[in-house]
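Two complexes, one shared chain (chain A), two partners (chain B, chain C).
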Partner chain A sequence: MSIKLLKYEFFNMYRNKWIIFYFIFFLVLTTALFYFAKSPAKVVATLLQLIILVIPLTSLILGTIFMYDSRNFIELLLSLPIKRSSIYISKYLGTTISLSISFALGVIIPYLFFIKSLEEPPEYFLYFSLVIAGIFLTFIFVAFAFLIATFFEDRVKGFGSSILVWLYTTLIYDGIILFIIIYFKDYPLEKPVLLMSILNPIDIARIFVILKLDIAALLGYTGAVFQKFFDTKLGISVSFGVLFVWIFFPLIVGLYKFRKKDF
Partner chain B sequence: MVKVKNLHKKFGKLEVLKGINLELTKGQVVAILGPNGSGKTTLIKSILGLVIPTSGEIYVKGESATHSWDYRKYIGYMPQTAVFPENLTLKELINMLVDIRREGYNPNIKESFIKGFKLQQYMDKKLKTLSGGTKQKVSALITFMFDPELYFLDEPTVGLDPISSSFLKDKIREQVERNRLIVLTSHIMSEVEEIADYIIFLLEGVIYVQGSVKEIIENSGEKNLERAIAKLMERGYVY
Partner chain C sequence: MKKLLCIKVLFLITYTLSYAKTITVCPDCKISSIKKALQIAENGDTILIKKGIYKEGNIVVKKSVKLIGEGYPVIDGQKKYEVITVKANNVVVKGLVIQNSGKSDIEDLAGIKFFKTKNCRIEDCILRNNFWGIYFAASKNGVIKNNKVFGPAKLEYLKSAFGTRIETNFGNGIHLWHCKNMLVESNHVKNHRDGIYFEFVKNSTIINNISEKNLRYGLHFMFSHKDNYINNIFRNNGAGVAVMYTKFVYMANNRFEYNWGMASYGLLLKEIYDSYIYHNVIYKNTTGIFADNTNRTVIKENDFLENGWALRIWGNSQNNIFKHNNFIANTFNVATNSFENPNTYTENYWSDYKGYDLNGDGIGDVPYRPVSLFGYFTENYPLSLVLTRSFFIYLLDYTERNFPMIIPSKLMDKRPLMRRYEWSR
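== the complex of A and B ==
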């Protein structure tokens, strides 16, 4: 039953012009970066900064829009002999997989196109971890968007909360970290800051990529600390684990809420 | 067929259903009547599992409906306002529902509804372009084509022209002869008098009166159902 629902979710998603636009955005952006920078490592460094802003924002906004827009469809499905959780999960997978495919194709196609003509090392592993980080961010923030859209009946409140989550993870959190670093500069801060990075999925995704970039120190204090404390392998496993927790936490809360919701 | 025991539903502080008990057997049309906000739709949606009851028990064909979903295969539901995924065409919607639900699908019923409602011309149109009445026809079509044993029709004839409305009423009566149970709500009393066998009158979340159409008219001393129900409502408002 879930597989059939998933099929129709994809069918619906690829009729949606947002998904196409999302693909074209990354395609044009990555092509332009390769055209000017001509080095995969530099492209990854720039792309990473953009991805950690753009993917959470679009995943939150599009996720909330899709969930509110498909309310009719959900109501129709709910009157059929289908489990509530299958409806939610297939909608979630339909959205996240479609967005991830659009993003991954958008950044991989220019890479494959330029890689032959460039003299710099291709950095397969680095580029691959960038794509993985982007996909993780999509799964995390769509889960948040679905949780928010299930929680708030009112669209305005839903979009407001989505924007708040984005502001927290991209701006407010960095501000708090900076404040703590400056205020407690006389104390050893490595461990607290390390722990705090777990409180922000974007920071974890960033660490996940920059641990392979060898310029970790340039890309934020928490990244530098993370690299200092963990050898790269352990760092990868820890950040991987934390990213999974960040997917399942909003997903399970949203699912629980959805199963108790009145339509 | 359907059994409801001591059903309560609260939306926040608002108590919509205050202890509903009922038992409905098949082979009849049951009309749930009552003023706006008396809990008609909430009662139907609770039985369907769209609304999660605060307390109470619901059984459909002997199966408990709490935390269950499989029992919905016996049910066809036509909501008050027809809701569809907007981007699909009518043909795609029908094919999709047949693919997802499958059980009970009867192409002959589908064809007879398409013919009776003259829906052929809309088959390749996007659902969002259809008028309100046409959407209502589509909603009836997708409810009836799975030939369920139990129908919940929430104001089924609203927005339909006289020809389509008569067609739908004929189809509803036809189901009674086939020993199905139809539960409907309506505000058009002449229509209820025409097609319903049994009436449940809800008032502020409790069953105020129930009985056959004939009993209700006779007990009120009025000459038709509309006046009988109006009298009940007036009494209810004072009460």
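== the complex of A and C ==
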């Protein structure tokens, strides 16, 4: 039953103009970047900045919209003998998978198209770490969006808190890090800052990709500490672990709320 | 009277010709060793060394002779000795392969060492696998020309050993110490510790050389006043080029490129006074020019392309002039740790300048501030580099550029160029 639901949700998403628009946005953007920059490393550098900005925002906003919009349908499903958790999970997977596919296709098609004509090294690993980072961000922020949408009945409150989550993770959190760096400049802060930045999914994604770009050399000693951490198995498993925690924490809380919710 | 002069000249020529004899050395000849040839040679003689391998330990040249190689004879130090030591004036060394000098922690064993000499030349030689390459100490008027100096130090050694200093296991390619009026021309130095090393060398010129893949500096330059280095390429060195404690240096037409790493500089300037940096291309370095206590220096018509920091200038650098430079696609254009601006920036081209030019004179009407807030942060709190490419930083930079509060507000180019400054190459 849940597979059927998932299938329905997935194809239903493609009837939605937002998803198509999302795909076209990345397609046009990446094509333009390849057309002008002509070097995968440079394209990744620019795309990274957009991805860590756009994906969390769109995932949050679209996730909240979809959840609110399908309220009637959910109520209909609830009247049928289907488990609440499978409704929620299939809705979640349908949304995240379709968003991820739109994003991944949007950035990979131009890459495959241009890669043969470029003289620069293809940078497969770099490019696919970017794609994977983007997909993780989608999964995390859609989970947050669903949590918010189940939590607040009021749409305005829902959108407001979505934007708040976005502001916090992209702006305020980095501001706090910068403040700590400046305020405690006399202390050896490499490890605390490392810890702080792997607690924020956007920062993990950003640092993970940056360490693979050639601007990593600019990071000097700090970069060496980070590189050392991310090169070890522990570092990789911890950062992926944190990313999974960031997916499952809002998802499970949302699911719990959804099961208890009085529709 | 004229006849007499003619006869005198003729006599002189024949005399010198008969006097300056040529001694041929080859593995199968009567004289089969260079040491033997040196014993019988007189001042002004030529020793012609034919093709072959000569393993003779340390060859000491104490007479003013010419050592000419034919078909590149190999002179091998067997990894034990200094291969050739020259202690006489007017010695010419040409066309030899000098290889495998010994290694020592106490002495600077070199492929070829000139000690207290005048007017010596080394030309067209190939030096392979030596501890030190060409070593001039306390010499005058020497010429080092068209040599290939390839050492044993590979850059991988440095990369694999982060934290352990293994640089001391290798010597410099061309090493000049306490010299005067020297010429280093058209050499190719590779895989040494420092490519070209100058210490207490005055009135000398380094021209048309290539120095690449050295562990530390491509060119290391200290206490060497009134020198020129022109038309050289410094590429892919562990730490780029360092010019230190020096007055009156003229640096022109050089390329500093691909010095990319944690502690790499295109050009590191420390305690430089009254110098001139002109028509250089600084491409793809972590730091293009790093200026620490650099004063009264003119930096004019250079290209800074795709560097991490095009220019890092510390507050103790004063009265420098930056004019007609092109700053294109650098991550940070200028970084400084000072609130003041004791230097002059004028009529440079900055590729991220967003101003306009109403009267069409090619000069932007809005001043350009080359120091970004983030650049300022990174200079003072290096750890803040972890926020590279964060959206928060982008916003901060944007607001600060429009309403500067923290960045040195006087550090600006009041006359930024609208188009790239084309200097004749």
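General remarks:
Definition applied: the second predicted complex is superposed on the first by the 246 of 263 C-alpha atoms of A that agree within 3 Å, B and C clash if a C-alpha of one lies under 4 Å from a C-alpha of the other, contacts with A are read in each partner's own complex, and residues count from 1 in each chain.
The rule is short, and it goes like this: a residue touches a chain if its C-beta (ideal position, glycine included) is under 8 Å from a C-beta of that chain, and two chains touch if they have at least 3 such contacts.
All figures in this text were calculated on a predicted structure; none of them were measured in a lab.
Set against each other, chain B and chain C differ in how many residues of chain A they touch, and the higher count belongs to C. When the two structures are aligned on the shared chain, A:Pro122 is found in touch with neither chain B nor chain C.
Of the two partner chains placed by the overlay, only chain C lies in contact with A:Val193; chain B stays clear of it. When both complexes are overlaid on chain A, the residue A:Thr170 reaches chain C alone and has no touch with chain B.
In the superposed model, A:Gln49 lies in contact with chain C only, and not with chain B.
When the two complexes are overlaid on their common chain A, residue A:Arg15 makes contact with chain B while staying clear of chain C. Legend: residue contacts after superposition of the two complexes on their common chain; A:Ile210 is shown touching chain C, with no touch to chain B. The residues of chain A shared by its contacts with chain B and with chain C come to none at all. The part of chain A that touches chain C in the complex is made up of residues 45, 48-49, 52-53, 170-171, 174-175, 177-178, 181-182, 185, 189-190, 193-194, 197, 203, 206-207, 210, 214-215, 217-224, 226.
Taken together, the chain A residues at the contact with chain B in this complex read 1, 4-5, 8, 12, 15-16, 69-73, 75-84, 260-263. Across the complex, chain B meets chain A through its residues 11, 45, 48-52, 69-73, 75, 77, 79, 83-88, 96-97, 99-101, 103. Chain C contributes residues 162, 260-264, 286, 308-309, 331, 377, 380-395 to its touches with chain A in the complex.
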